[in-house]
């Protein structure tokens, strides 16, 4: 399933004196199996865009389609059921642990599948699977209150609540915000696992090192529009532009850019630490040829 | 819906009303409310309406904003108006019969009833406008400061004036934050297939649990954090506290008070001497 | 003249009487004008340690002294908290008032500063953090970084000489983080503000004078950033990572390149590469 946005625009409180344009003229296709990173400043429209992907927000202009071999459907069109919308695209909000509410982890994760109207056996199976998928021990946590868990674990439970709905596309709004490096790494590995098993991932992130490591495609947003769209290599090769927009680049990318500017114009543009190490090895090991 | 609540939404401006002492404004609002309840007929309402118009003009608040403060009231207004039309006959002197306007099936409308219903609705409108004028023209800080000062004499009977004012000001500070949070949680649960909009009352009430539990949990967490932060900033109750803002009464307040007294007097006198219903 | 503004000696702290201590036998001192960082993963005890530094928590054993005053002494509580200000993690949950300048005034009101002295102190404090234009705004309409700067102004107005930042940048976006960090750096350099910076961001700790790494309630590493970050194994055990550039430098060193230890930033690395190239040129 692909998500196709055509000329999508969104204006807050349209028609009132407080209106503000959040998105304009977005043409974007999320293809099946992709790992897309959505980057940009706070207020660039990333989160608003994310909420368009599963129909939580209705665009004030343009159309959002879900498209497969059989054709495309306008998700806000008549006859398109909300249930099937939520089933296809899952959305994990920022700090999702703040939405937990049930007495036990099991019940909380079951909330989504229940709303889909599944039968009990199916729900139980999915809950078990989802909790395991996010890297928690089902038997250890299932009957615990979600509020007894650590922050990192709570976040996993919240993500499991969306994973249990088995969406083909999973949209995550800054899933690692506020986590320490260890938990961040584990969570990203978990997301990568979901991607490897076939889930399309759209991830909003501020951390460029994470983006460089995991994403296959990067969409850069600024002031409500998409300003860049391409592979990490393509995007980070425009590192200076990103920096001018006030966005970070991965540390490795920053280092390569600095070396290029500072006497090594032929230094390759790397965006992962392994690549930099390799390139430096060549540069320094090659009897100082480059110098 | 959430955006409609103008209460506590201070609209800054440089005006006569904005500059008045909040204590005086609060007292005047009370006087004003007493006044409109003493007004017994539509003519007697003229001073009250004039007073509101005058205050609104002098506050330099956009009329749109004031009208918006009535919006959440629209259903109650329509409801009470309709109800009153059917059930009120007006206060008639002994022996006088009401003037029928419409007499059809079980519906009996009288001119007096309609006037009375108008009076009740008008009372409600003027009441809300007056209160909105206070909250729109007075910053929440000034408002709570004013209330605290007004309640201070009650400290003699161990009334926790400072604590209540502090609670109010914190509540005001966190209302927008919590509204935003409620909106976010609602969206997050909707994304998990929750349905807040359909079903009967019982079902809808049950559907609120996934919104309310996280909201309460969050409010408690924020309260804990805030208490810690306040302690770290040396907060230890009202004892020995000084204030950044000191309230002063000026000539403006005198004029305001005079206008309010005139208004109440007008309402009472007209009610006494003019009988239209 | 007092050298160490905060002296922590053999301090342990448990939330419950019988429970596992959150802070175990920690000793450290913070000299005047220092910028010290405390690193650790969530649950390592670093926030608890922060709250022990201004008497929000009292040690279960050992002593904490701020300006020579024991935090266990209840009579000194308010003086200690005035001297040692604190900025917390969640920008939304520490501002009390609905107007920025009233929030900065909050601490002043609490310690009984005369009304006529307040405006000047508030204005100066807001100016020091670059927020003077926002004095009459509502905190609700500020960005996270701006809110944190207002919180800093609140402590500055109280004339705190030390500010303890308890993961003050953890909830901010990169721009906000940068904004807050550079304000704090400037205050440290230009005003001599003593800073205790609690964080899990390596990049920030790398810029401190000295770093303490906490793990399970104990200080497991202590030293200059380059000393601390050279212990890749211990950091890994604490679920922390070296800054990426340090990792690159170490990998190269392992492969036999003569890169000096203590490479923390991209700037350091460029310098090293140039040095190596120049020396190989000479050969």
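Labels A, B and C are assigned to the chains in the order they are written; within every chain, residues are numbered from 1.
In this text, a contact is a pair of C-beta atoms (placed from the backbone, for glycine too) under 8 Å apart; a residue touches a chain by one contact, two chains touch by 3 or more.
Keep in mind the model is a prediction, meaning the values are calculated, not measured.
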| item | value |
| --- | --- |
| Chain contact topology (line, ring, star, complete or other) | complete |
| Higher-contact pair (C-beta pairs counted), A-B versus B-C | B-C |
| Remotest chain, chain C as reference, centres from CA atoms | B |
| Whole-Å separation of chain centres (CA-atom averages), chain A against chain C | 30 |
| Approximate Å spacing (C-alpha centroids) for the pair chain B, chain C | 45 |
| For chain B, residues contacting two or more additional chains | none |
| For the chain B and chain A complex, residues of the former touching the latter | 3, 181, 184-185, 187-195, 209-210, 213-214, 217-218 |
| Complex interface listing, chain A residues touching chain C | 41-42, 150-152, 177-183, 185, 206, 209, 246-248, 250-252, 254-255, 258-259, 262-264, 273, 276-277, 280-281, 283-285, 287-288, 290-291 |
| Residues of chain B that touch chain C when the two form their complex | 10, 12, 139-141, 169-170, 172-173, 176-177, 221-222, 225-226, 228-236, 240-246 |
| In the complex, chain A residues that touch chain B | 13, 51, 54, 56, 82-83, 86, 90-91, 93, 96, 98-101, 111-112, 114-116, 147, 161-162, 165 |
| Chain A contact footprint on chain C (complex, rising order) | 40-43, 143-144, 170-171, 173-176, 200, 202, 239-241, 243-245, 247-248, 251-252, 255, 257, 266-267, 269-270, 273-274, 276-278, 280-281, 283 |
